[in-house]
Amino acid sequence: MNITLEQAEKAIAASKAKATEIDTKMNICVVDAGANLVAFARMDGAWLGSVDISFKKAKTARYFDMPTGEIGKLSQPGEALYNIEHSNGGLISFPGGLPIKNKEGDIIGAIGVSGSTVENDHTVANAGIEAL
Amino acid sequence: MNITLEQAEKAIAASKAKATEIDTKMNICVVDAGANLVAFARMDGAWLGSVDISFKKAKTARYFDMPTGEIGKLSQPGEALYNIEHSNGGLISFPGGLPIKNKEGDIIGAIGVSGSTVENDHTVANAGIEAL
Amino acid sequence: MNITLEQAEKAIAASKAKATEIDTKMNICVVDAGANLVAFARMDGAWLGSVDISFKKAKTARYFDMPTGEIGKLSQPGEALYNIEHSNGGLISFPGGLPIKNKEGDIIGAIGVSGSTVENDHTVANAGIEAL
Amino acid sequence: MNITLEQAEKAIAASKAKATEIDTKMNICVVDAGANLVAFARMDGAWLGSVDISFKKAKTARYFDMPTGEIGKLSQPGEALYNIEHSNGGLISFPGGLPIKNKEGDIIGAIGVSGSTVENDHTVANAGIEAL
């Protein structure tokens, strides 16, 4: 019940195509069901600091089986999960990370995208998932 | 397309002169286009804790190709990049870090300054860039 | 003077083909001239612990501009660089990491491969470089 | 009883001159009596991995108030300080790090050099000290 490298590369290719279509430069990362890295690509000229953010988004999405932006709502000051980002060697809780499910609805991995606005990051991550 | 040591030392000398002029004691750090350290100076009596901050400011400015203070606006509670500082082994998102460009506009490195108010830090970082 | 994503993906594809040919499962990592990650692939069933090793091999090869195995000869007990692996947040000094040069001989990045014997790791890394 | 920035920059200038004289490219680092960074320079084209090594050499020399190579003799398998490199976030115990003393013989800091053979690293570190 793990994403395959072939699937991960297909998702990355679709994300790259979408990133180019909306004129952005992205870091795209796919992890498996164990939150271990499967595949990664940094588009030429994309932010260097987004290498780690794309990985942390994918990791965060799989660690809690939900879009990273959902965690961000709960991690604000005064909210239930305030500063959860301190755990697990660092989480990223703004949009751009999404769990990946198979046809049966089982989570088989996650994708994380970073390099533009969080809206664009989310759009590009979603394009990767829709290709599967 | 990397800053040279000669350029980095010129920037640091100019930053030191500006720091002295406004009666502050600064840590000044220059990284190259790959965000690797090129040159550093801590003025006598400057804060020890600013060694790391000056490096993280320079790194952050290059990682996202913008002044560090811009990131800080977006990383506040409720904003789009809340808690981005947990990525990349620690970022610094208040002013004092600036990308360095060559005449063609390509980013060749970044400078980070820490040791006084963030306004002074920014002023001293800017003095380093203007010397190039 | 940085490797492009297109080049990095070409190298990874060639390394994967060679890994399949010799019946191994590899983690393959490519970094740029600044030792920042460009592309990565973990073949289905490859060791999870080799994700980090492949990255550290690529990083080590670029950090010292030589095959990782050369450093390993010098880092043995009693040799000149004994325990150099404790620097830079961890180095890997056995074979499988190689610098990548352009036609002019400038180093534009590095490749790191991990997942089998060090001889196989080196062979697969080399296949990636020869594809460029 | 701390080395000043002026002294540190004088030492680095002398080390750079010696490095050029013997046709090497060095990373040169000076720390103060508290083992905190004072000044640093990476010569153009010097190994990226030697940034951290030069710092760890300077730090190690001050942490134990002796040349780094002396510690390396004691950290070999079977010797008294076997694997001491695991402490302090990583030590470097091969030559290239030296304590810096004032005229009264008090240790005021340390210098660390990395980028060539350990003999050359030591020679260049020593040139920095002799300039003071």
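Going in written order, the chains are labelled A, B, C and D, and every chain counts its residues from 1.
To be clear about the criterion, contacts are C-beta pairs under 8 Å (C-beta built on N, C-alpha and C of every residue); 3 or more make two chains touch, one makes a residue touch a chain.
What you are looking at is a predicted structure, and each value in this text was computed from that prediction instead of being measured.
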{"item": "Interface copy of B-D among A-C, C-D or B-C, judged by whether over half of the contact pairs recur", "value": "A-C"}
{"item": "Rounded Å distance between subunit A and subunit C, as computed from the means of their C-alpha atoms", "value": "25"}
{"item": "Cα-centroid distance, subunit A relative to subunit B, in whole angstrom", "value": "29"}
{"item": "Chain centre separation (subunit A, subunit D; CA means) in Å", "value": "42"}
{"item": "For subunit B, residues that touch 2 or more chains besides their own", "value": "34-36"}
{"item": "Arrangement of touching chains [line / ring / star / complete / other]", "value": "other"}
{"item": "Those chain pairs that satisfy the touch definition", "value": "A-B, A-C, B-C, B-D, C-D"}
{"item": "Subunit A partner contacts - residues on subunit B that touch it in the complex", "value": "34-35, 60, 62-65, 77-78, 80-84, 86-89, 91"}
{"item": "List of subunit C residues in touch with subunit A within their complex", "value": "4-5, 8-9, 34, 36-44, 48, 51"}
{"item": "In the complex, subunit C residues that touch subunit B", "value": "1, 32-36"}
{"item": "Complex interface listing, subunit D residues touching subunit C", "value": "47-50, 52-53, 56, 72, 75-77, 83, 85-86, 90-94, 117-118"}
